[in-house]
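Structure below; questions to follow.
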C-alpha cells in the first residue's frame, strides 16, 4: 500500500482523483491539499464523500508532503508546480502533475501560449509525457510525469496511429472538440453558472487554446516533423465528457499491388487495431460507428470511430473520453500504476455509467 | 463464484444490474435475457458495455435459466413473474424480483392498484420484502425476494425510524417525491422524449401512483397499525436520482423528566442514529443538512436529513437515492449478497460520482 | 409612450424586464441601472440584446431617475429600495418594486424573516401588493407597488380561491415548490455553477424561506384569520419555471341539499372558474390535469390543476409559472399596465415557448 | 388578414409555426393539419396552447386547404409535398414547404441523397430557395418556396459573403455543426429519449447528412462553380439551437496597394457588413466574438462571428440560429411576409430569451 498526496484536491479533477484512489487497493490518500479550504472537512466540501473521507484539508507544502507520501498528484493552476518543485521533492516522491507545467518540451512555446514565465525549466527534460498508450515504457522509470490535458488526450489518441503510419496529412488536421462544463473547474465564475451554460453551446479560445501546442508537439513526434493544426474547443451543456471530431486529408498509401491509393476503411481499422488492439482503455469502434461521450462516462476509456469521405478525400475521426477520468484523474492513476508496477487497470475498472 | 441470470436486462434497471455484476467478485452473469433483443449483441444495445460484455441476448425462459443459474433477477413488467414463477423454478434458483409482483401481501390491494389479476398469489406469503436495512435476517433465508420500488425505498427508509419510534403521526405523512427520468424506463414513448422532459417539471400519477400502497404497508408495520399517506411523484429533468421530501406532524414523546413534549433535533437525530448508525448504505446527515441526489449518484447510499418546524409542529424529512442503484439494481445485489452470505457491500462500494 | 427606468437591470429579473419592455408598445426604457456595470454596454452584458439595446448602464440614482421616468422598476437586493425611497421620488414617478421591501405589512415580520432593519416603514402602509388578479382595483390608484415574489405568486394563486371560499383548511397547507435556477440570480456563487446544479435536486431554506410569511399574509386575508403553513423550496435543474405542489385538508361545505360534505371535483373546479374564468393570465386546467412548467415558459400564465384524494381527505393543488415572467418581470409589467391604464395584457401576449 | 394552413402542425416545426402565427397581426391559421391527430384538440397535444388555440386537428387534404387558405405551410416528411402538389393547388394558394422536396435543383442529387424518387420534378424549376437574405427579390414573386433546412440556413449564411467575395476557398470548407434535439422531431424514437441524449454528445450522419448537397448547391452559386464540402452534424443536449463552426483556407486577395495578401479581420468584417449590415435578422458580431445559441433562442436571428488563424492560414467562422425559428418556422414566416408584402420582420420581433 503506497501513500499518495493530492495538491489541489478540491477542484473537480482533484476530487475525481480522491474518488478513484478511495477504492484503489494499493494506494491510500494521506494528504488532501487545498489552499482554499485548509482545515475544513473534505466531506463538507464534497458531500458525496460523507462518511467515506474523514480527513480535513491540508495546505500545499510540497516538501513536507514529499516526506510523507510515495506519490504526489498536483491538480493545480498553471505555474504552481513549476514554482515549487525541487530536486529534494523529486528525490523523496514521484510527482504526477495534472497541470501543463512540464508537458511541452520547448519552454519558449510554453511561455508563449501560457503567458507565464517557467520557473523550473531544468526539470522539463526529464519529465515524461504521461500518455500511457504512447509512452508506457518511459513512464515506468520516471520521477516526474506530465499528465496530459483532457482535450489533448482525446485529440492525440484519436489521430495518433494514422499520423504515425502516414495515412493522413497531419498539417490538414482540424480538431473540433466539445467538452462538458467540469473542464472549466469549480471556480465561481459567471460564465460557468448554470443559467449561462445550460441550453447553450459556444466555441471559446478559438485559435488560441493552450492545448493546441501540446497536440502539435505529440503529433509532431508521430509525424517525424513539425505539425500545425487547427483546434477549437466548445463548451457543451453536460457535466462530463469530451468529443473530438477530427478532420484530415487522407494520403495515398502503398497498396499490396505496389500502387498508391487512399486507404479504405479496412486499412484504417487495421492500423487502429495494430496500435490499440491490446490496450485496455482504448476501444476502437471502427468505421461507421460514432462514439458518444455518455458511453464512456465515469470510465477510463477512450472510444474511437471514423468515417472515410471519398467525396472530399478526407477522413473524419471521432474520439470520446470522460474529461475527468481518462482526461485527468484516471490517466493520472494509470500513470501511478505504471510507476509503481501495479496492474495498469488497477482502480480503473469501473464500467461506464449509463444513463 | 455464483451464476446469475437477468430477465429484462435491456431496460435501464436491468442494464444497471449488468453493470454492477460485471465487477462483482463473487458473481458472473450467464444469461442476459431480453424479449425485445433476442440474439442481438448486448454491447450493441448498451454501447458502454463494448468489449466488456461479449454476450448476445437470450429469451425469458425462466425454467431453463433456473437450471443454469444460482440466482435470477427479474427486471420485468408487472405481472410477468407472477405469470411465470413455479415451484420448480424456486427449487432451482433464488429469485430476486425487481417488479412489484410480490411486494404487497394483500393480493386485493395489489390487484386494485395495479389493475391486473395476480396469477400466482400462492408465492406472496413466502416472498420477503427486500428492504435490507429492515428485513435483513428474513432475507438471508428466503427463496424469493420482492425487491422494493425506487420511490418506496427512499420514502420508507427516510420515515421509518420516526414512525417506528412514535415520533411522528404516520397518517399525516405527505411524501412529495422527485425522480429522474430513468425511472420511466427505456420505452420509446413521447412523454419521455428529451424535448418533452428537459427544462420541465411536472407531477404525475397524483393520488394513484402504485408505490403508495407499498409505502403504506411497510410504514404500517412500523406503526403497528394501518397507515394512509399522500404520495406525489414528479418527473425531474435529470437522468438519475430520487429526492423524497416528507412532511409529518410530530407527536409528543416522553422526555427524561417524565413530561411530554415534541422531540427536538437531537432526539430525532438519536433515533435515526440508533437505526442507521451501523448501516453501510444509510448516511444520516442530520438536522439542517439537506441531501442532494447528486451526492449519491451511482452509489447504493441513501442520504437522510431533516428539519423540525416549531411553527407548524411538523418535521420535514428528506431522503435521496440513486433510483437505479439503491432504488433498484444496487439493492437487488445487496439482497443477493445477503442471500449467498457475501459481504453485504460486495460490488457496491463505488463512491458517488460528482459532478 | 411612457418612460421607464430599471434599477438592477443586469440581474435575470431585470434583464427579463428589459426584454419585455423592448416590445411594449406604450413604454420605452430610458435608464438601464446597474451598480456593477456602470458605463458598460448593456448588449455586452446580455448578448441577446445585441443591436436591440444600444444603451450603456447607468447608476442607481433613484431621485434623478424619478425626474426622467414615469415609472421605476427596482429589481434590487432586499433593503435597497427601503433605504433609498423618498416622498419626492414617489411624487415624481410610480415605483414598482420587485424586491420584498414593501410586501409585508407587519414590519416586525419583515425584519424577523429578512434579518434586516426596515429603513422606511412609513411607506409600507400605502404600498399595494401587486398580485393583479387579487388586488386589481387597488393597484390602479397606487404610487408604490410591491411586486410579489416568484414562489409566492404561484403558491398564493394556486390556493387562493379554495382558501377564500373555505374549501380547504389553510393551516393544513403544505407547499412543496420546485424552482429553476434563474431564481437564484446571476451572482457568481459556487452552488449555482452548472456542475453543482445539473443532474441534481435538493431542498433549501427548509422552514426558513422568506417567501413563507408573504404567502401566509396573503392567504390570511383570504381566510379571514392568521394562517401558518409549511413551505419548502427546491432547486431544480432547469433555467426557468416554478411548480408548486400544494397539499391541504378539505373542509366539508354545505351542499345543495343542506347537508355538509367534502367538495367534489366539479365543485372545486367551479370555485376556480368563478375566480379565474375571466382572467387572461390564469388558466385553470381542471381536475386530473397537471401543469408543467414548460407549458408556461416565457409567458405570463399561471396554470393550475388539482386532484382530490378521497382516501386522505386532502386535495393536491398544482400551479406552474415562469418565475421570471409571472413570477417577476411579467407581473411587474402587468402592474405597470394597470397603473397607466393600458390594456392589462399589453406586451405580455407571447405564447409559451415549447419545446 | 390572410388565411394560413399548416400541414404537419403537430411536429415541433409545425408547432413553432402555429406559435408564431398566433401573434402575427396579418395572418390567422385556419387549418391545423396533422395526420396523426385528426379531430384531436390542438391544445391537448401542445399544452402551451391551452386557451390560445381552440381548434382541433384536420387532415392533410392539400387541395381542399388550398381553397380555404392564402398560404400553406408544409412541415411534412420528405416526399409528402412532392407527391401531393398540383398545378391547381399552386393556383389557389402560395405554398411554403419546410421539407427538402424542392430545395435542390438537380433532381438526381435529391434522389441520391434522399433515397426516394421525386414525384413532381416539374415544380422544381419554379420553386424559389427561400433564404431571404440571399433571394429576397425572387421570393416576392414566387408561388412555391423551398424553405431552407436548419443546418443549411446557418451554415450557408455564415460562409456566404466570404465565398461570394472570394476570401475563402470553398472546397476547403469544413462545417462542424451542433444541434439541439428538437431538430430530430417529435417522433417517439429510442435515440431521442431524455436519458439517451442528456449528458451526451455524438456525431451522426457523418459524410452522409442530407443537408450537405443543399449547402454545396447554394455555396456553389456564390462561388460560381461546383463546391464540395465536409459537413458533420452533432446531437447536443439542449432543446433548441444550432451552432455551426466552419473552417476554410483563406485566399489571398488584392490589397489597396495592388499586392495580394490574406485578408485581415477588418477586411473580413467589412465584407460581412456589406452583405448583412442592413439585414434585420443577421447580426455580425465581428472578429473575436463567438456566437452562443442561447443568445438567439426563440428569435429569428443569425449571429455570426469569426477568427482568423494566421498560423494555419485558415479562418474559423461561427454561426448560431434557433433551429426552429430562423432554421424553420421563423424563416417560413419571413418568406410569407415577403410573399404578401408585409414588413419582413412582422411577427418575428421577439427578442431572444435569456436565460
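Details
Think of it as A, B, C and D in the order they're written, each chain with its own count starting at 1.
The rule is short, and it goes like this: a residue touches a chain if its C-beta (ideal position, glycine included) is under 8 Å from a C-beta of that chain, and two chains touch if they have at least 3 such contacts.
What you see is a predicted model, and the numbers here were worked out from it, not measured in a lab.
Over half of the residue numbers at the chain A-chain D interface are used by both copies of the sequence.
Centroid distances built from C-alpha atoms place A farthest away from chain C. Centre-to-centre spacing of chain A and chain D amounts to 38 Å, using the average Cα coordinate of each chain. Separating the CA-averaged centres of chain A and chain C is a span of 47 Å. Counting partner chains per residue, chain C shows two or more touched chains at residues 12, 182, 195-196, 198-199, 237-240, 292, 294, 297, 355.
Those residues of chain B that touch chain C in the complex are listed here as 174, 176, 178, 180, 195-196, 198-204, 206-207, 228-230, 232, 234, 236-241, 243, 245, 247, 290-294, 297, 307-309, 311-312, 314, 316, 318, 320, 355. Taken in their complex, chain D has these residues touching chain C: 12, 15, 19, 22-23, 46-52, 182, 199, 239-240, 283, 285, 292, 294-299, 303, 349-355. Touching chain B in their complex are the following residues of chain D: 12, 181-182, 186, 188-190, 192-199, 237-239.
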